[in-house]
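These are the structures, in C-alpha cells.
Shared between the two complexes below is chain A, which pairs with chain B and chain C, respectively.
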Partner chain A sequence: MTVAFVFLTAMTLISALGVVLSRNVVHSALLMSASFLGVAGFFVMLNAPALAAFQVLIYVGAVTVVILFGIMFTQRPQVRRFRTIIQKQHWPGLFSAIGVGTFLAYILIIQDWGYTKPGNGLQEPGSLGEILLGVNGAPPIFGLLFEVISVLLLVAVIAAIVVSRRKTGEGVDRQEVDG
Partner chain B sequence: MSLDILNHEPLRFLISFALILFLVLNLAAILTLAERKVSAYIQLRYGPNRVGPRGLLQPAADIFKLFTKENVSPNRADRWIFLAAPIAMFIPAAAVWLVIPFAPEAVVADLNIAIVFFIAITSIGALGVIMAGYGSRSNFSLLGALRGAAQMISYEVPLILSLLGVILLAGSLSLVDIVNAQSGGFWHWYFLPQFPMFVVFYIAGLAEARRVPFDLPEGESEISGGFMVEYSGMTWGLIQASEFASMGLISALHVTLFLGGWQPPVEFLDLGNFDWIWFGLKTALIMFTFQWIRWTVPRLRMDQLMDFGWKILVPICLVWLLVTAGVMLII
Partner chain C sequence: MLQQFLDTLNATIPLEGYLVVGAIMFAIGAWGALIRRNAVVVFMCIELMLNAVNLSLVAFADYLPNAGGAGAGYAVLVIAVAAAEIAVGLAVVLAVYRTRKTVNVDDINLMKG
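Up next, the complex of A and B:
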C-alpha cells in the first residue's frame, strides 16, 4: 500500500512538474495525461473505482486527445517545432501558487474528516445514478445540474454541426473539373 | 502441499496478470499466422508453408526475426515518445482482458463497472496512435495518426451507445452479471433483442481495432503504413501485437455482451468448468469474420468513414435505445 502510494505520488508530482517545465507542448500534454493517470490510481487506492474509470475516460482519454488535436491543427506544418517559451513571471506565479495552496489547505483543515475512511462511499453504479437524477429520496440538486449539462452538450453538438456544415456550392467546382 | 496461498490477493492478481499477458501475446502471434493463412486461402494460395507442418511454426520464426532485427529510429524522431508509443498502445489492449469472464468463476477482476472500465481504457488507445505519429516526425506518420485519432474518437460514440441497450436489459455494468443474465440457451442471448446494436458494435469495433474497411490510419497504398511507417524490429512487433490484441479483445467483448459469453448454445451442452471452450469457439468465429472482411472489402474514403459513423451508426443506436427503453417500460 505504501509502495503504491509513494509510486503514485511521485508519478503525479514529477509529471506535473514536467508539464510546466517542459518546453515542448506535446511533451507537456502527454505528461499531463500521466499526471491524471496517477490521480486515477489514487482513486483506485481509495476504493472508488468508478471515479477512477471516469477520471481516465474524461481526462486521460478525452481532454488530452483534444489538446493534442488542438496543437497539431493550429501549428503550421512547415514550422512544426512545437516550442513554447517558459514564462518568466516568477512573482505572480509564486503568489498565485501560494494563494491556491493556502485556500486548499484551509478547506482541508476546517473540514472534520474524523468520520470518513476510504472505501465507505457508495459502490453500486445504480445508487450513483439515483443520486445523480435525484430519484428515490436523493436531493434533487444534482438533477438540476444534470439537466443543465445536458443542455450544454446539446448546444455543443449543434455548434459542431453548424461549424462543420458544408456551405452550399462547396465542392461543386471540383466535380466540374473532374467531369 | 496446499495451493491456497496462490489464491490470496497480491499473488493471485500477479499470477493471473502474467497469464493474461501470456494469453494476449500468444493470441497475437497465432493471429498473425491466421491472418496470412486466411488471406492465402481467400486468394487461392497456400500461404506460409515452409516452417513446421503446414507452416504452423511461422509465428515462432517471425518472432525470432523481429527480436534479432535492429531497432531503427529516425534521427529527428522524438526518441522518448517514439519508444513509449508501442507500449502505450499495447497496455490498454492487454488490460481490458482482465475484466472478461472466460468461464464461470474464471475472471481476474470482477469489477462492478467493467463496461465503464472498458470504455475508459479504450479511449487511451487513441493516445498511443497520436504518440506514434507525432514521435516519428514524419509526414506520413502524422497524417496516419490524425486519421487514426479522428476515426477512433468518432467511432467510440456508436461503440458506447451500442453498449447501452445491453446495460438496460441486464441492469448491470458488470460483465459477469451480463453473461449470467444470458443463461439458458441461445434464444436468451442479447443479439436477438438487440440485433441493430449487435451490428453497430461489430462495425464500430472494426473501426476501433483499425481493421479493413476502416484501416485509413494505416492505409499502406496511400500513406505507406501511416503512424507505424518508421517503426522496425520489436517496436513494430509490439504495435502489431497490440493491433491483434485489440482485435481479439473486441471479438471477446462482442461475444461476452451479445453472444452469451461462455454460455453454451443449448443447455445440455454445458461443460461446467470447461465452458471456456464455448467462449473460445465463439471468439474465434468472430475473429475469423474480421479477417474474412479484411480480405474481401475495399477501404473507405475519409469522408465516407465520418458520414457512416455519425449519420448512420449513431442514429441507429439512438433509435434502438429509445425502442428498448420503451419496450422495457411497457412490459
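Up next, the complex of A and C:
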C-alpha cells in the first residue's frame, strides 16, 4: 500500500506541477492526463473501481481529447520563453496558492475525523448505481441531483454548439489568413 | 529490522494522507489558474482542482464508517459538472479566439470599463 501510495502521489503531483510550469501547451495537456491517471489509481486504492473506470474514460479519454482539439484550434506559433507564459502577478499568485494549500492541509490534519478505517467504500458498481438513483437506502436527494445533472449536461451541449457556431460573414476564414 | 520495514510497506494509509494529497493538488491547480496566461491552460488547472476535490470525496466515502459511500455518488456528479464546464468553456474560448485572435487572458478585456 505504501509503495503504491508514494508512486501515485509522485505521479499525480509532479504531473500537476508540470501542467503549470510546462512551456509547451500540448505537454501541459498530456501531463494533465497523466495526473488524471494517478487519481484513477487512487480511486482503485480507495475501493472505487467503477469510479476509476469513469475517470479513465471521461478524463483521460474525453476531456483530454477535447482540450487537445481546443489547443489545435487556438494556438499559433509562439515565443517559448518562460516569462511569456505567466502573468505579471505571479508572485501574489504563488503566495495565495501556498497559503491555500497550507491552510487546507493544516485544517485537514488537525481535524479529528473520529474512527476511520479503510474498506467502507462501495465494492461493486451496482451499489454506485443505487446511490446515484437514491434507491435502496441511499439518500433520496441523489435522485433529484441525478435529474438536475442530466438537464445540465443537455443544456451544456446545446450551449457549446450555440456559442461556438460560426455565423455567416463573421470572423475570418483560414484561407483568407493564408492567402 | 526487515520485518519492521515490511510492516511499514504493508501499513494502511491514514485518511489524512489522501486528504493532504488532494489539498496539495488543489493548491497547484489554483496556482496555475492564477498565474497562467493561456486560457486553455487555465481550464486544465480548473480540471486539476475538480479532480483534487473528487479524490477527497472518494477518500471520505471509503474511510468514514457512516458515510455509506455517498462520496462516490457526489464524485460522479462532480465529473458530470466538470465535463459540462469544459464543453461550454472551450466553446467560449473558441468564440473569443475567432473574434479577438488571442487566448491570452490578459488581452481579453472586453468588459473593462
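FYI, the second predicted complex is superposed on the first by the 131 of 179 C-alpha atoms of A that agree within 3 Å, B and C clash if a C-alpha of one lies under 4 Å from a C-alpha of the other, contacts with A are read in each partner's own complex, and residues count from 1 in each chain.
What we mean here is this: contacts are C-beta pairs under 8 Å (C-beta built on N, C-alpha and C of every residue); 3 or more make two chains touch, one makes a residue touch a chain.
Quantities reported herein were computed from a predicted structural model and do not represent experimental measurements.
S.K.: Is the number of chain A residues in contact higher for chain B or for chain C?
M.R.: Residues of chain A touched, chain B against chain C: more for C.
S.K.: Name the contact category of A:A97: first (chain B only), second (chain C only), both, or neither.
M.R.: In the superposed model, A:A97 contacts chain C only, not chain B.
S.K.: A:H27 in the overlay: touching chain B, chain C, both, or neither? Say first, second, both or neither.
M.R.: In the superposed model, A:H27 contacts chain B only, not chain C.
S.K.: Tell me the contact category for A:V60 with respect to chain B and chain C: first, second, both or neither.
M.R.: First partner only, chain B.
S.K.: Kindly classify A:P49 by the partners it touches after superposition: chain B alone (first), chain C alone (second), both, or neither?
M.R.: Once the two structures are laid over each other on A, A:P49 reaches chain B alone.
S.K.: Going by the contact rule set out at the top, does A:F142 touch chain B (first), chain C (second), both, or neither?
M.R.: In the superposition, A:F142 touches chain C alone.
S.K.: Please indicate which partner A:E124 is in contact with in the superposed arrangement: first for chain B, second for chain C, both, or neither.
M.R.: A:E124: touches chain B, not chain C.
S.K.: On the A-aligned overlay, A:A10 touches which partner chain: chain B = first, chain C = second, or both, or neither?
M.R.: neither
S.K.: Shared contact residues on chain A, chain B side and chain C side combined as an intersection?
M.R.: On chain A, the residues that contact chain B in one structure and chain C in the other are 50, 54, 62, 69.
S.K.: Touching chain A in the complex: which residues of chain B?
M.R.: 78, 81, 111-113, 116-117, 119-124, 126-127, 130-131, 134, 139, 142, 146, 149, 153, 171, 173
S.K.: In the complex formed with chain A, which residues of chain C make contact?
M.R.: 8-21, 23-32, 34-41, 43-45, 47-48, 51, 54-55, 58-59, 61-65, 67-70, 72-73, 75-77, 79-88, 90-95, 97-99, 103, 105-106
S.K.: Applying the document's contact rule, which stretches of chain A touch chain C when the two form their complex?
M.R.: Of all residues in chain A, those touching chain C are 1-3, 5, 9, 12-13, 16-17, 19-20, 25, 28-29, 32, 35-36, 39, 42-43, 45-48, 50-51, 54-55, 58-59, 62-63, 66-67, 69-71, 73-75, 84-90, 92-94, 96-98, 100-101, 104-105, 108-109, 113-122, 127-128, 131-132, 137-139, 142, 145-146, 149, 152-153, 155-157, 159-161, 163-164, 166, 170-172.
S.K.: If we count contacts the way the header does, which residues on chain A are in touch with chain B in the complex?
M.R.: Touch list, chain A to chain B: 24, 26-27, 30, 33, 49-50, 53-54, 56-57, 60-62, 64-65, 68-69, 72, 77, 123-126.
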